[in-house]
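Sharing a structure below in structure tokens format, with a few things to ask.
By letter and in written order, the chains are A, B, C and D; residue numbering begins at 1 in each of them.
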Amino acid sequence: MSTTSSTLAPELAVSDWFNTPAPLTLSALRGRPVFIHSFQLLCPGCVSESIPQVQRIERIFGHTDLQVIGIHTVFEHHAAMTPVTLKAFLHEYRIKHPVGVDFADERSDTPITMQRFGLRGTPSSILIGRDGYIVHQVFGVEEDLAIGARIAMALSARIPDITATTTSRDDDGCADGRCELPSQSAA
Amino acid sequence: MSTTSSTLAPELAVSDWFNTPAPLTLSALRGRPVFIHSFQLLCPGCVSESIPQVQRIERIFGHTDLQVIGIHTVFEHHAAMTPVTLKAFLHEYRIKHPVGVDFADERSDTPITMQRFGLRGTPSSILIGRDGYIVHQVFGVEEDLAIGARIAMALSARIPDITATTTSRDDDGCADGRCELPSQSAA
Amino acid sequence: MSTTSSTLAPELAVSDWFNTPAPLTLSALRGRPVFIHSFQLLCPGCVSESIPQVQRIERIFGHTDLQVIGIHTVFEHHAAMTPVTLKAFLHEYRIKHPVGVDFADERSDTPITMQRFGLRGTPSSILIGRDGYIVHQVFGVEEDLAIGARIAMALSARIPDITATTTSRDDDGCADGRCELPSQSAA
Amino acid sequence: MSTTSSTLAPELAVSDWFNTPAPLTLSALRGRPVFIHSFQLLCPGCVSESIPQVQRIERIFGHTDLQVIGIHTVFEHHAAMTPVTLKAFLHEYRIKHPVGVDFADERSDTPITMQRFGLRGTPSSILIGRDGYIVHQVFGVEEDLAIGARIAMALSARIPDITATTTSRDDDGCADGRCELPSQSAA
């Protein structure tokens, strides 16, 4: 059973980070599976369903090297969901994992990370394998059984010849022509 | 079974109204039972429990003359829960009943309406009888069976000789959002 | 608001009682509101929804004179839902209120009480007023808010000139434990 | 990550099967992962929690070669939970996977399969790997994420050299609670 797709995950574009002493990058996380949760604090399905699910993921897989990351991908009501409100939201909902504010695109309502991953809306989730390739990406909330199965496979996957490829990816950030980090990270 | 306490409801103090063409006052609503829901948009228990309950109340008692009112009683994270954020919140959560922003007290984190009713926190609910007296006030979320029972009793209560007393209450200054009942007129 | 229909509740027909030292009759309960829960122990909706609801009703209205009664109205899988199985079921589900086994009709799969009330299936509930008339009868599970409201109205209803009317009802045979509709009470 | 313990699963002891044209044995299922759900039809936690979970497992892993088996492990209220009642229960709860009635032990309330696996009560679940060894056994209901992860690992495990050893396992019959394969075929 293959646990990776043929799409290398693009890099995150984040303007503010919460719950982490230093910014995170997917390239620096290469070698670990990463679960990205894309949400908006005023998205009802995020609050009632996907955030509790992410907190269950943290609890169940907390002893592994899975990295959970939230990305606040605001694409509507921008004035209503500022970093000030997000900070209070994270406090009130007891969200402890790193959360990044998706980098606003001054030419679009859709922020940069959201554009790069081609996310359709919130909540969305992205599971990235140890090799940096996207294992699974979905709009909406999936069942815990399915997510648990996918994370287990991503965790068990041996890291292939990652040293060489990571280097070339690191050079321009994201290699193989499927990650246009420099050209998109405007603003 | 008595459906009224001996406490006349103090007047609301509201700086902004949503979902209503004109400001509401409890004195103008005298004669109808009123269900007030006190919440904060970043209060998890409000979002997951009391707001859905209020929406059930609206659905079940929508054919009656019960007036449902939300009051956004922000007593923490003031910069995070502004009227701009509240407006988007009401839109996203499909809240259609009138919602007022509790009037900020420049000398206290606790806003004015919250002070007047002596609310301990959010969510809270207050059921006011046709005569303007508080039937029930509680911090937290009660069971639907109990709330349904209380609202039914409040609805069925006949309006006593309120004409005269209402006038005198109005004289006390229950208007323009600055209604502080000095005498707490007992029945 | 009227809390009674124009239909007098027919008498129960029960072959076995659990959780009560003596058989119950609606005629003997005249003057108290009665909530009847019709269920089958292998009915999924009964187990997951209506039985928990009845237990909430018991808790919320336990301080009133509401009488809660369960009737095991088996109309299918008769060999699978015997009194022996029912007894263990009541024990395992911690059901403490009186439960009667609906009297089997040897000419029909539908038992006698179920026939008398014209129940369509399980779960069903019947709310009977203090005067013995049916307030509300429904197939399926209603929302707690609505049930709470109806029970409150039934509880608050004053018993009207019941002595006289009961006498005329007695002529029909629905009183003092002798309310067996002659045409239906076979077996 | 190891997905197997060092305990070979004992054989099932079943007196009646439902939802299968022929009896199932774990030895014949060697090579496939097996999820065994131990339940009683009058066990509230089984009905409300573990049975819905097993049905989710069937749906999520229905495209794999995971075999789901229910075992009706009655250890109390024996007269109340007969095969007649079980058959109606399976029908009403739309349970489609094979379900076996645990073989009664005339000297004990605890049936044979339950004894062999050392189950503490219901609900319990047992996950058996492709090699016939117990991956995980638990009393109570675990979270879907954890079960999904374990099943994924059991599914992905390669089948070791089991052809020869399976034969010898069949030969010694796996009966009387002493079904310990002498060879303990290591991978």
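Here is the rule we use: a residue touches a chain if its C-beta (ideal position, glycine included) is under 8 Å from a C-beta of that chain, and two chains touch if they have at least 3 such contacts.
Predicted model, so just to flag it, every value in this text is computed and none were measured.
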| item | value |
| --- | --- |
| Contact distance in steps, from chain B to chain D | 2 |
| Chains in simultaneous contact with chain A and chain B | none |
| Chain D against chain C, contact positions shared by both copies (same if over half, else different) | same |
| Centroid distance [mean C-alpha coordinates] between chain D and chain A, Å | 38 |
| Chain A-chain C separation of Cα centroids, rounded to whole Å | 55 |
| Between chain C and chain D, centroid-to-centroid distance (C-alpha), Å | 41 |
| In chain D, residues with contacts to at least two other chains | none |
| Chain contact topology (line, ring, star, complete or other) | ring |
| Pairs of chains found to touch, sorted by chain label | A-B, A-D, B-C, C-D |
| Of all residues in chain B, those that touch chain C in their complex | 1, 56-57, 60-61, 143-153, 155-156 |
| Residues of chain C that touch chain D when the two form their complex | 42-44, 47-48, 76-77, 79-81, 84-85, 87-89, 91-93 |
